[in-house]
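What follows is a set of structures to go through.
Same chain, two partners: chain A is paired with chain B first, then with chain C.
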Partner chain A sequence: MGRPVLFILTAVVFAVLAAVPLFLEAYGLGLMIGITGYVILASAWALFSGPTRYVSLATVAFFGIGAYTVAVLGDKLPYPLILVVALAIGLAVALVVGLATLRLAGVYFVVFTFGLAELIRQLITWFEVNVTGTLGRYIFLPLEARHIYWQLLALAALTLLISLWLGKSRFGLALRVIGDDEVAAAHAGINVTGTKLALFALSASIMTLVGAIQAPRWVYIEPSIVFNPTISFLTLIMALLGGPNRLLGPLCGAVPLFLLFEWLSANFPNHYSIILGLLFIAIVFLVPKGVLQLLETSLFRRKAGTPGALRKDRGIEGGHP
Partner chain B sequence: MTPLLEIEGVEKNFGGLVAVNKVSLAIRQSETVGLLGPNGSGKTTLLNMISGAVAPSAGLIRLRGEKISSLSPHRISHKGVARTFQLVRILPSLSVRENVVTALAFGTNPLWGDAATRLAMEKLELVGLETRALERPGNLTYIDQKRLELARALASQPALLLLDEWLAGLNPTELDASIGLIQTLKSEGICILLVEHIMAAVRALCERSIVMNVGAVIADGPTEVVLKEDAVIKAYLGEDYA
Partner chain C sequence: MLTSTLVLGLVLGGTYAMAALGLTLQYGVARIMNLAYGEFIITASFATYVLFTALNLNPVVAIALVVPAGFLMSYGIYFIVIRPLAARAKDAASLEIDSILATFGMLFLIQGLLLVSFGSNYTNYSYLNTPVEVFGVVIAANRLLAFVLAIFFGGGLYLVMTRTRWGMAMRAVATQPESAALVGLDINKTARLAFALGGALAALAGVVISMHETFTATGGVVFTMKALVVVILGGVGNLLGALVAGLLLGLIEALVSTYIDPGLTLAATYGIFLLMLLWRPTGIFGRAGSR
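Showing the complex of A and B:
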């Protein structure tokens, strides 16, 4: 398929997606918002964790920062300005956290990012209880579901464009080299810390925006809702299912898994967590490199007999030594 | 004229272990110097300090008169120091060509796109890997992986090239070819510091050798002279043979 055809096709897909609110009723649109939100989260997660193989569980830390900023500033500033403030806070936290943690390798990084999300939740809870004397805030913004959806759709397009650019740029090559071997990367002239930090911050900023944009949907929020660690785990497993090293991998993981989770939580509300856990285990065991690569490999085998010429990137393997 | 590389009173301690003990030496432009010594004598640690992989505990390292001893590896690489590793470090998820492009794209004068591809192919040709450009380096033999690593080091256009046992593990034919390759680099004026155990190669390539033992320099001079010194023979073979 030529580049112009692909471009037109993408434009058509986004146009159709943008027209969706005109046809769907409230429940359907709610689903679309949820799906788009997770597509962005998973894509943003893969942006950093795909090439570097640093497994982050901090997704909800940034998502929550975005949502909570909107809750606090909702009636104090004009909406676009709130988004800018949320983005600035998310970026600042990412830079501080990144500087402190990106020297950690492998499992230490995973544990730290998980701890970070919990720490932020506890800090905000403590602050609200002891200083402001509230726990939970209401968000009354004159935004309808379709407005939220359109913002998310635009952010999704932006995130995919960034991923696309990254695949072709020097910056993207630097990340792949870092993912392969940090020592070799540094000796080849790559500023390893700076590159990782920049991408971690970019990825975190996008996650922050998702939280900020989605916040008005809840009307009432409290730390345990917007800092729910399940959001981090879902994001991770979606990106892994689709394949974090493919442009559309996270999308291909996010859409079916989100629909499945919706169906499970509606039909098996009491056993939802158990099924979720089993599913995580199954995905890690059966498709460690993502569904897209699995499909590609098996298709190619059928055609040519060997998978040798395929791009052999490795899946997330729990980080570096 | 300022030497290319100056090392002054450099030390490295790992806890209580003194790996490198007050080493001072200077290497002039376009010299090829052998760095010799028994295992554990501190050769690789010294190389690591020059390339920035580890920071010295004390002392100064200068390149063209400019202090580099507290810089991070990528900054030192930009100043003109490239290296290979004792245990080869290829980038397995990139193609052979991309391995080399990496050093071009992040070098002192970053190159990208066609220019980078063209120059990467030149470097691959130099080490005899041009026909393998699009393969994964995991498919290459150990020797070819070493060649690839050298091509990557050369792509960053170094003034000083550090080779850490680059000739180890080669068969006699490969050894001759590889010595020939390093001679080509010498003739291009690249200054080379090589850690090596193969004496035939050291004799063929290095007009000067530095010998280390237990973290200190015990001999420094013309290779033929140095290899005959008592202290050197003792360090390599033990008291009984001296």
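Showing the complex of A and C:
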């Protein structure tokens, strides 16, 4: 397939997707919003964690920051300005976390992101109870489901474009070298910490925007709703299933898993986490590099060592000699 | 006021220290970052609760049942989950990622099992809930017992690790895995034992915590977080460091809770963690550049 054909095909797909709200009922549109949201979250997660192999467990920390900013500022500022403020807060938190942890071994980053959402949730709860005296906020914004969907679709297109650009740019190459061998990267003159920090901030900003855009769907927001750790978990498992090192990997993981989880929570609400946990362990064991790579290697077994296939053996840097 | 805060802080810190000892063994010796560690603690708490309410079994006696069960459970998990991952891992770093992901899945699995069995309510039982006086401070007898148990087992473990050949093997594998193999130590066997021993210590912490605190099926994550912070504060694999850092964390939490606000204890923990990462990422007792 030539480049123009691919371009036209992509444009057609997005045009069809953009027309979806004209045909779907409220429930179907809700599903589409959920799917698009997770496609973006998983792609943004893979943007940073794919090449660098730093396992981030903080997705919901940024998602929640975005959503809660909208809840607080909902009736005080014009909507586009709220998105800018949310973005700025998410970016600032990402920079603080990144500056503290990204110059160290990967495990410090994992440990820090593991508790970040819980920390922010408790801080907001404390602030709301003690300072403002209100826990729980209503969001009244003149936004319908389709407006939210179109915004998410645009953000999804932007995220995929960024991923595509990263795959080809010098910056993306630098990242892959870091993921491959951090010491070699430093010797080749790459600013290791700066590169990782920039990418983490970019990924976190996108996650913050997803939270901010989706917030009006809830109408009523509490810290425990928007800082639900399951969101981090789902994002991670989706990106892993599809394969974080492929442009469309996170998308291929997000769509089927979102539908599966929707069905699970409707039919097996009590056994949801058990099934999730088992599924997650199964993915780590059976498709550690993602479904796309698995398909690729079984379909084109002869073409071993495709250029995009990174060696998995140099993962999180250090921790142990 | 200050004395009572200090005593309460030390008692709290004893529990944190004990919880962190197992994690520092699992991560320092066995090289497994176990994100489901807090779920093992909570499972032991619920087991003690069941033994106490259904069989009227004294929690101190329950230690003799729950701790070996924790050892066996972790040993089994090492065989079923960790060993295949270790076998396919090309180096320590990829094993670390895989074990983080697998134990993250285990976190949700165990949490789900606990939710199905016990629901999401706060659970506790009343054991030795009588006031006793220590240094002029009145605290519940069960808290004092918890502290005594923590010091007894923590100190005992420290002696075993520093005075016995078996403990020396563990420390050798923790500091120099390659050289440990050269002098004839079976690294895999030591790692397996360290992981199981870590599970036994998690179970012990769970029993002790259940004596004096309320717990929920979803509460494991906070224990894992605090234990992780203590492990990094004390230096990974450093038992004495974990003991001291655990007591320190308890003291700081008690001080923040008394003089600032009880809702900010986790923030204080994280604040210390952040400062530590910026100032001395090798831990209180770590040497610069050793890790």
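FYI, the second predicted complex is superposed on the first by the 301 of 321 C-alpha atoms of A that agree within 3 Å, B and C clash if a C-alpha of one lies under 4 Å from a C-alpha of the other, contacts with A are read in each partner's own complex, and residues count from 1 in each chain.
The criterion applied here is as follows: a residue touches a chain if its C-beta (ideal position, glycine included) is under 8 Å from a C-beta of that chain, and two chains touch if they have at least 3 such contacts.
Because the structure is a prediction, the values reported are computed rather than measured.
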Superposition-derived comparison: chain B or chain C, residues of chain A touched: C
Pick one for A:Leu286: touches chain B only (first), chain C only (second), both, or neither. neither
Once the shared chain is lined up, is A:Ala186 touching chain B (first), chain C (second), both, or neither of them? first
Check the residue A:Val107 against both partner chains and state whether it touches chain B (first), chain C (second), both, or neither. second
Footprint intersection on chain A (chain B / chain C) at 312-314
Per the touch rule above, chain B residues touching chain A in the complex are 51-53, 72-74, 77-78, 82-83, 85, 89-94, 98, 101-103, 105-108, 110, 112, 136, 138, 152, 156
Which chain A residues qualify as touching chain C in the complex? 53, 55, 57, 100-101, 104-108, 110-112, 114-115, 118-119, 122-123, 125-126, 129-130, 229, 233, 236, 240, 270-281, 284-285, 288, 312-321
Within the complex, chain A is touched by chain C residues 31, 33, 35, 81, 84-85, 90-94, 96-98, 100-102, 104-113, 115-116, 176-178, 221-222, 224-225, 228-229, 232, 236, 261, 263-264, 266-267, 270, 273-274, 277-278, 281, 291
In their shared complex, chain B is touched by residues of chain A numbered 170, 173-174, 176-177, 179-181, 183-193, 312-314
